[in-house]
Amino acid sequence: MNAIALSCTDIRVDFDGFTAVDGVDLTLRRGEVHFLIGPNGAGKTTLVDAVTGLVKYTGSVVKDGRELRGKKVHHIARAGVGRTFQTAAVFENLTVAQNLDIAAGAARSPWTLLRRRTSLPAAVADTMERIGLAERAGAAAGTLAHGQKQWLEIGMLLVGDADVLLLDEPIAGMGQAERETTGRLLHDIAAERAVAVVEHDMDFMRANASRVTVLHGGAVLAAGSVDEVSADPKVQEVYLGAAEREEAVDAAAA
Amino acid sequence: MDILVGQLFTGLSTGSILLLAALGLSLTFGQMGVVNMAHGEFIMAGCYTAYVTQQVVGGAGVSLLIALPIGFAVGGAMGLILEVLLIRRLYHRPLDTLLVTFGVGLILQQVARDVFGAPAVNVTVPQFLRGGVEILGTTVPKTRLFIMALAVVAVAALALVLRFTPAGRRIRAVVGNRDLAETAGISSRAVDAGTFFIGSGLAGVAGVALTLIGSTSPTTGQSYLVDAFLVVVAGGLGRIKGAVVAAVALGALQSVFETYSTASLAKVGVFVVIVVFLQLRPQGLFTLRTRSLA
Amino acid sequence: MPHRPEHRPRRAARAIAATAALIVTAGAAAACGARAGEETDAFEPCLDTSGDTVKVGALNSQSGTMAISETTVLDAILLAADQINAAGGVLGKQIEVIDEDGASEPVVFAEKAEKLIREDCVAAVFGGWTSASRKAMLPVFEDYDSLLYYPVQYEGLEASENIFYTGATTNQQIIPALDYLAETGVESLYLVGSDYVFPRTANAIINAYAEAHGIEILGEDYVPLGSTEFSTIVNQVSAAGADAVFNTLNGDSNVAFFREYANVGLTAEQMPVMSVSIAEEEVGGIGVENIVGQLAAWNYYQTVESEANAAFVEAFKAEYGADRVTSDPMEAAYNAVHLWAATVEKAASFAVDDVQEAAGGVSFEGPEGTVVIDGENNHVSKTARIGEIRSDGLLYTVWESEGPIEPDPFLDGYEWAADLAVAE
Amino acid sequence: MSKFWESRLGVWSGFAAAAAVLFGLAPLLLSGFRLGLFAQFICYAIVAVGIGLAWGRGGMLTLGQGVFFGMGAYLMAMHLKMADAEFRGGPGAVPDFMELAGVRELPAYWVPFASPVFTIAAIVLLPTGLAVLLGLAVFKRRVKGAYFAILSQALAGAFAIFLIGQQSLGGFNGLSYFRYFFGFTLNDPVNQRMLYFITAAALLVVVAASLQLRRSRYGELLVAVRDAEERVRFLGYDAAGVKVVAYAVAALFASIAGALFVPVVGIISPASIGIVPSIMFLLGVAIGGRGTLIGPVVGALAVAFAQTALSEQFPSAWTYAQGLLFVCVIALLPGGIASIPAVAGRIRVKHRPEAVEATT
């Protein structure tokens, strides 16, 4: 078994009487790509919001022996928990290099901040290679293709030394080739980190998951390996049914 | 006891004026996120509507009653024009909307100055609103009672429209989730224009009512604007309930401060209270919970 | 911005160093001005009297909140200048009025005053309304040794050699009003005012007067300028039950105050209100029925019965329309232009020093009665009048002082005013 | 073109050109009166540089810069009044306006302003400190956007009302009638020119400081916070802290401008710092180009100049012009004058294919 990077116990999020996350336990381990799946409203993103300090919750999140509950967003981030958003949140008016440089510098002193960047930190250059954007270093992030933005956002977490990565639908809107690249990237970075992925795409999940947790109605429906979860009749009933309904909604929206 | 009742009524009447001025804003700012700095000038337009109506119609009582719907129409029409010509193009730039509408307000003030002249004009208060009524030992001016009643009617009407008419349901749908409403076949453009019409119309009504209290000059509306915005901010975005509670609370607060110090210091005091309050509840009294990040 | 991971020198730091160097050089080049206490070179007035016209300035707010009041003053100034020109001008020269907009902002008043003096080279400037605008202009007129004629009643406590004050000071308006109230048996007062300098000073004087004359002050309230929310204050006034209210509210606030006052059932018989800044124009806005019987203290009303006033009102209406009314500050501005012309004629010179020298004792038969410049303090003697608002919306004199009252801006002639304290 | 101005040579030549205009051309061409006016305009430009940083780069629409401008101005004015009183009546003398109002005893909080060092320290520290406190209170609670704008505006209103009520600060009239500036007679033309040089130098320093901030890593971070505040927070930065710095720097600039405004113009009163003057500070910034370094300076100078020139000719037209400028520039040209070349380029590109379509 791999080393535990983050353990969540009995997470509960309440919005004015509506319980969005209802007593979820979750353990993320280094070296694993851990998928969180479930129908819309299952509480996946809310769970990520809770862990990263965006919404209040009860329960406990422990990383490296430190309790994270009650800490501010930026303190949790500095503790090494990084996240991405459903719509890639990069700084569109800054270049790729600037985006990464900012992500690398949360620990910089005020004095360093007030001076100009005289050279590019090595970590930034390495990460650009890793996410395949070295050639676009000087381009404004706003001009990147959709998938490239997602990679950049992941790169920003890498360069910031996050060792627990929570990725919210990283392949939304990507083509097949891009998905495969992203999948390889996930395994590459998971080598020394714990990666959690919120995703709808079943094929992508099957191809890349080391471990899966299925959420439904704010609670854990099933957890285990891809095969174990796929074989679970509760999952088949709830999840596939919901997925069909969602597809119907998607079709209506389009 | 008398003092307390007097306090209660001054608080309520100050609050009802604030509420009338803020109600339209709670719709346009609260529900649409548009900071309309020309809202004060729509109020001013309502004041002049009352004045012109009285000049034309004559009888103070009749003209006041006629002026209320006309004021609504005038304010609403100005809001509609503003929305279609400018604000529609700026929905994704709320701060720019603020500055643009401030410019519109400047222009409207100068137009009023050029049309009606710089000196303040006066609307005669109808006979049936002159004098006061004895309530629990204090004399409450009838004009104040009228404004309180008007505020209640305006809030009730707005609530009913939003809740029970198809147009109101569309407005709430668009506020709740713009994209979803669009997919459900609601034209958010038409709804935005409609919302703005109603919100600005309410400013016109407020203007008509204000002529009962003071005189009308090109800068009349400006003096109510900041207070009205504070009411919406303190009440919480998108909540008419919040605007009502905040308006009455701020009115009472102002009145209490005024009793124990001067009106000037009371204004400063109210501001300090609001800033401290926002420390405790940054989203205002009542909030619409959403999960969105923006 | 293209990214170039190269070493860059700290340019901005060098730019700062360069700027610092510039300051030092600039400082060194310029640092030879007069120190405190040293004589500075006097400003050379650029007034040109060689032609057949003489320039004067009119500095009033033509835009902003004060435009309402101040444009009427400009009208009166232009009327007076026209009359003087029609009668042959001053020292044979036609007056050319250069009008500037003070924009209701003290800073703009100071700026435009400097422009009128230094660029337009005017012989004198007429205008200003708020004390803030006068205080802003005062150093300009002193520094460039020029003349300002200020036509509005004000709070006193000032006497600049470069300003002629043709409106009332406190002993020509507030003290007569208090005398009148005391005469009619008022033993307690409630003070209501806008929050600025005139009401604060007026109320300080009233407090001192009250103490010396056994009048009780039951309350003192201030509202922000332009405020229209009076329910709390009127409630307090009503509860206090004073014999009279002394009102130093400004402009639009009066409308809201008197409406509220009448609506809670207070009347002139029960609790009269003495106002010091209500003119005919406001009466219309308040609604006559709300204010009938109330009192106002001024030096001039349109209804003053005198030949000079009849002529003034007629000329004004002929020029600007029959529906216009004349007011105290307009009359004071009208007087100011005539007083300046008379002083210049007496001095036989437009030079500031000569005008200052000749000013004492110069008189003019104004609409309010004879006004005479006091050479000691540059104010004028004025007749005080208490007016009552009648149902036709006009003010009628119910009491007037026996002849003009000598100006006493520092209230030196009143023992009880020796220790006047305005600030709390 | 733009690359040149970013290069070392460009920056140096830019500063050299500005210095040549400010220190050489302007004093040579302008009369004493116009030079004084120009110094006044420069004060507005200094405020504009700060707003450009907070609003243009940081996205904080501060509608309350009048508060900090006013603080700097009143602090300086208090010192000048104290120095004046001391010169006339010896140490501990009461300033003239208080004496007239019947105040015999100097209020305790005035006493330290007899010291020039204390005054300068106060001008630098007090507004900056207030901005830090307010900024922490507001930004930590994630009050932003329109909320922040409205609060800052209400702050300006409340501050003006508060000052009007303070008779020991001159009340509604404010403070005026200053004779000496750090021992120099203010009505001496030579000293007035000196004062102009100091003001112009302050502008250059402020622009240089702003340039350094913009080009530093902090400057990039500030833009990042403006565009995606949550993202920055999730990268481990205290986004509120980042905003507070820019807000405080803008406050400091406004305070410096206010402190210079007082000896240059000779008066400070609540009328110069309330809600409307505070919004007017923004007009020049918007016109010049809020996101650029020089745009706010040029815009503020142009607006002040236009106001003086136009209002001499047509007083009421100026109000229309102001209103229209707000509407047109912000609605149609949000990048201000500085963005005209870029916009023109885009229009040319956009129009070509349409033209082709029209002819076929």
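The letters A, B, C and D name the chains in turn, as written, and every chain counts its residues from 1.
Following the convention adopted for this analysis, a contact is a pair of C-beta atoms (placed from the backbone, for glycine too) under 8 Å apart; a residue touches a chain by one contact, two chains touch by 3 or more.
Fair warning: this is a prediction, and the values are worked out from it, not measured in the lab.
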| item | value |
| --- | --- |
| Dominant interface by contact count, named by its two chains | C-D |
| Of all other chains, the one whose Cα centre sits farthest from chain B | A |
| Inter-centroid spacing, chain C versus chain B (mean Cα positions, whole Å) | 36 |
| Centroid spacing, where centroids are CA-atom means, of chain A and chain B in whole angstrom | 45 |
| Geometric centre distance via CA averages, chain C-chain A, whole Å | 70 |
| Computed distance of Cα centres, chain D from chain B, in Å | 32 |
| For chain C, residues that touch 2 or more chains besides their own | 1, 8, 12, 195, 222, 224 |
| Residues within chain B bordering two or more other chains | 113, 262, 264, 267, 293 |
| Per-residue overlap in chain A, given as positions that touch at least 2 other chains | 54, 85, 98, 115-116 |
| Residues on chain B engaged by chain C in the complex (per definition of touch) | 2-3, 6, 9-10, 13-14, 17, 113, 118-122, 124-125, 130-132, 138-144, 210, 212-215, 217, 219, 223, 254-255, 258-259, 262-264, 267 |
| Residues of chain B touching chain D in the complex | 29, 33, 35, 86, 89-90, 93-96, 98-100, 102-107, 109-110, 113-114, 226, 229-230, 233, 262, 264-265, 267-268, 271-272, 274-275, 278-279, 282, 293 |
| Residues of chain D defined as touching chain A within the complex | 212-213, 215-218, 220-221, 223-224, 227-228, 230-239 |
| Residues on chain C engaged by chain D in the complex (per definition of touch) | 1, 8-9, 11-16, 18-20, 22-23, 26-27, 30-38, 40-41, 43, 62-63, 100-101, 103-108, 110-111, 114-115, 118-119, 130-132, 135-136, 138-140, 143, 157-158, 195-197, 200-201, 204, 222, 224-225, 419-424 |
| Chain C residues touching chain B - in the complex, by the definition given at the top | 65, 67-68, 71, 195, 221-224, 226-229, 231-233, 235-236, 238-239, 251-253, 255-256, 259-260, 262-265, 281, 284-287, 289 |
